[in-house]
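By letter and in written order, the chains are A, B, C and D; residue numbering begins at 1 in each of them.
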Amino acid sequence: MLEEPNNWGRWGAGDERGALNLLTPETVVAAAGCVREGRALSLSLPIRGATSSPAPTTVPHLRGRPLPQHFMSVDGGDYAAGTRPIGAGLKMADDALVVTPHGTTTHMDALCHMWSGDELYNGHPAGRVRSYGAGRCGIDKAGPVVARGVLFDVPRLRGVERLDAADRVGVDDLEAAGVEVRPGDVAVVRTGWPLAWRDGGPEAYWAGQPGLSADAGRWLAGRDVSVVASDNAAIGGLNEHQLADEGLDDDLHMIFLWRHGIHLAEMLWLEELSETGRTDFLFVAAPLRIEGGTASPINPLAVL
Amino acid sequence: MLEEPNNWGRWGAGDERGALNLLTPETVVAAAGCVREGRALSLSLPIRGATSSPAPTTVPHLRGRPLPQHFMSVDGGDYAAGTRPIGAGLKMADDALVVTPHGTTTHMDALCHMWSGDELYNGHPAGRVRSYGAGRCGIDKAGPVVARGVLFDVPRLRGVERLDAADRVGVDDLEAAGVEVRPGDVAVVRTGWPLAWRDGGPEAYWAGQPGLSADAGRWLAGRDVSVVASDNAAIGGLNEHQLADEGLDDDLHMIFLWRHGIHLAEMLWLEELSETGRTDFLFVAAPLRIEGGTASPINPLAVL
Amino acid sequence: MLEEPNNWGRWGAGDERGALNLLTPETVVAAAGCVREGRALSLSLPIRGATSSPAPTTVPHLRGRPLPQHFMSVDGGDYAAGTRPIGAGLKMADDALVVTPHGTTTHMDALCHMWSGDELYNGHPAGRVRSYGAGRCGIDKAGPVVARGVLFDVPRLRGVERLDAADRVGVDDLEAAGVEVRPGDVAVVRTGWPLAWRDGGPEAYWAGQPGLSADAGRWLAGRDVSVVASDNAAIGGLNEHQLADEGLDDDLHMIFLWRHGIHLAEMLWLEELSETGRTDFLFVAAPLRIEGGTASPINPLAVL
Amino acid sequence: MLEEPNNWGRWGAGDERGALNLLTPETVVAAAGCVREGRALSLSLPIRGATSSPAPTTVPHLRGRPLPQHFMSVDGGDYAAGTRPIGAGLKMADDALVVTPHGTTTHMDALCHMWSGDELYNGHPAGRVRSYGAGRCGIDKAGPVVARGVLFDVPRLRGVERLDAADRVGVDDLEAAGVEVRPGDVAVVRTGWPLAWRDGGPEAYWAGQPGLSADAGRWLAGRDVSVVASDNAAIGGLNEHQLADEGLDDDLHMIFLWRHGIHLAEMLWLEELSETGRTDFLFVAAPLRIEGGTASPINPLAVL
């Protein structure tokens, strides 16, 4: 168990992977061993883009963020209107996507996403994170997550459908789950908060958000998880201004990303996973290799 | 073995998943059993975006396609220049991505990507593929790929570093690999063509592309693979105009996507996988849930 | 005075310019003659883009539309953080803009923007308006607007600061202005509606919008104006669902764009112009030559 | 005539407009007086966007820059394929544009576009130019250009169709034009270089570019022009690497933008203007009010 932040060696091979270095051949093989039923669940929200309709506004997102835009550069409508097929009769549909992952869709944060002072996680200079991409600790440095996932289904443990905006997940909640956390595990924390949008629309969702308390964060970090994933937008809770109330010491992004190099996956959809009752599974997330990216949209999988 | 195109039931539950319906609890569990060494390899090219530099042009892509653009909406440079931290001292980097996956980066095609006549795969009306997204057979219908991957390392089998632009992979090449193909497997076909870019730059890469012959395509389709993945740009070969020479019957996209509902993953990077000498492994690809998308950028994994 | 829709000749040279064909050497010279004070006023709203802040949401726009995004690909922050200058010491800032003009910023509609049935204005086939751009009646066909502008300052005429959401501008309002309308003139209709946003925020702005009545529209069309410009979002009024209440015959877009080929400029900022008290001036709008565009963001000028 | 760079007052009202402050009521009225024939010419290249075709690559641009992308979010093809009209039968086409103006299309540079050291033009701190836009000297500070334009038609004066890549425009060329330059004028310098693309394609265009010599730049700056506009990509010449050869003292962007606050308009299309034989005219350019923009795409007009 770690008492100190993980320093994987400063500026050497792999030191930008942070806690993903906890993934070893042994943990990967063990994770694969969690596949017992042969079911693969997607843990992501849909990416609902559009430009001439308000469709994208119907999916949970933080207020004021630029929503995904999805464009077709050629489609079936064009052929219906007379576009000639290619060559011997081929028709095709092509598209494009504009996406700002933070706050708008299921994504994984890079270690460069947040810091304090002049240094990123592990002493990397923050000044290397520039307009043309993060020269240090970008999402391209993370590599794939193939690990054992463990579910902390807090609403189920508390006997509620979903947490309230003001609820914070405590150490007692995590301990109540009764799951053994092993180094390299992905801690998947369910709050049920997307149901607030489903039931009450944007205003309900924007009223605040439940999330991990700082103590719970330290509890997880101390157990050497490689990734913390949740269905809320910021791992920690948010107030009605969509901001964290914690100070620097207790801020969940600071605890995980900055001090411990633990990647964060946010805005997951965990309802089907919750229904399975399974608490351990193979968790796979493969962030796009966006060079210098501060995050990647992901479609995380739980393979049961 | 299928003699006829896969019709998974017309317009019913799951009929837009095509050959991914071949993935069953048994195949998923068996695929997980391929994880013996505990190594996870990324099979994707980097997404190299930029706007004020020609960096994106340095990654393999088809000529004339809009290349990825990557933007930082706030970064370390801003703080160096005086931007005030948030609250108690938090700093953050955020970004955005503009991506047109076909022809520019590692991606998986949706079943709506290509067709002939007025119907998509399995009789879905092509007229449902419109400017605001594919109402049928979009990438959001595919779901995740968790399957056994089998590698056909054609250059290695032929004793060359990479195939030439005019080379076509025949049934004899596939049979020479000596791998047993099972229903639901992902056929990963290496041509080595990205090395043409590495060695000779864009002009060498654009001179044409090696790829599967129609007979090899039918051979794979007849063995009920769920996905065909390759490191070339179009599964089949391309001429110097970056077009397929085959007619409608023999076009590889028609054979796979349209007739058999077999998804395609293109522009993979298979060099490290080739070096491992492994021919079977757990293959995972989780396309983003882009509603109505014709494709998704992916970071496919081979877990050995 | 026209009784019938303007048919400038079907499918011949210039027939996609619609009423802009009313601009003749004589009208252009006369318009230039309106420049007496030598002041040039911008009549546009700012384009406020951003991705990591909600700044774009602070400018008047229709609900649910994708707001402008503005990105810097290199900036002063990068140099502050250590980016090396170019060559002998040059530093540069570059940017990119993503913009969907309709409903989000000051823009001019192309004649292809709206129609009914299968034909655009002047009989052009609507099927030529496809995913890769409008093959007919795109904004690139409009050409520049250099014309006499005449202001109908309706709130001032009615003695109010701004119209209410339910107000419709009638023929009597237009006649009360006492301005002589000549063929080719740009009719600039002030409603004051952007002040609703300034005073009451988005919810006030979205409560509906004042606009021209159908009769007033026909009155203007009958006087052969080349363009109708207004500070509301849709020339006609809108209800609380941001939709027009008129039927097909009375819809203002149908009257102007479709039947008469009169271009529309929307979401202007007319407050300074109103303060000048001038009712005629040189009006200049130069839509970007976006091939096949349905609109262009513009910065229209009143030169007094 | 100015001997020193224009310092319009440091950090006060209007000091971010640079030489556009030379536009006075008198110059504007005089400029309008240049309208004698009543013809309005567009001086811009088309913005040819597309995503599934290489169309954008067919318009002059600098190598390796992200080309415009144009998307339709709903179009005539959709209705041909069955999309239901709105309300009583309205159909509409909407679009979106992604544009990086520098090097890809006709645009006007903001004063923040280039500098040396830590200060922009007129002492504004370069550190205010950040990822979320230029806090100083952005294109939104420029305001509209309504001025007398004077054409220096260098190829015509030299009796050639177009200049060669290595040609530099000297003071003698400018003097040979025999045009009187008055304070506030827009100097329009024709090189004919877009014809290199028309005749020889991209490779010919990228071989270098003709442009103003430093002495010619100083000659113009000394005559208090408000804007320098040209049909080349960088006002000054470029070598085959698309870079300027001049040192800091002689760099044309430094002379104009940085020392004198003279805005630059680049990549114009001047062929029709040249054919008119007119050397003075009303020049109008209205950059979009992009807050913090480093440039704006423009459609500059010559009204004859």
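Operating definition for what follows: contacts are C-beta pairs under 8 Å (C-beta built on N, C-alpha and C of every residue); 3 or more make two chains touch, one makes a residue touch a chain.
Owing to the predicted nature of the structure, the values given are computational and were not obtained by experimental measurement.
Of all chains in the assembly, those touching subunit A and also subunit C are B, D.
The copies subunit A and subunit D differ by a rotation of 180 degrees on their C-alpha atoms, rounded to the nearest 5. Of all residue numbers used where subunit A meets subunit B, over half belong to both copies. The two sides are thus made of the same residues.
Between the CA-based centres of subunit B and subunit C the separation comes to 44 Å, rounded to the whole angstrom.
Centres computed as Cα averages put subunit A at a distance of 24 Å from subunit B.
Look at where the CA atoms of subunit B average out and do the same for subunit D: the two points lie 42 Å apart.
Listed for subunit D are residues 50-53, 66, 69, 71-83, 92, 94-96, 98, 100, 102, 126-132, each touching two or more other chains.
With chains as nodes and touching pairs as edges, the resulting graph is complete, every pair of chains being joined. Residues 23-29, 32-33, 35-40, 42, 44-53, 55, 66, 68, 70-73, 75-77, 79-80, 85-102, 112-117, 120, 125-134, 140, 143-144, 146, 243-244, 247-248, 251, 253-254, 282, 284-295, 297-301, 303 of subunit A are the ones that touch subunit B when the two sit in their complex. Listed in rising order, the residues of subunit D touching subunit A in the complex are 50-53, 69, 71-83, 92, 94-96, 98, 131.
Put simply, subunit C touches subunit A in their complex at residues 51-54, 56-57, 63-67, 69, 72-75, 77-78, 81-83, 98, 100, 102, 126-132.
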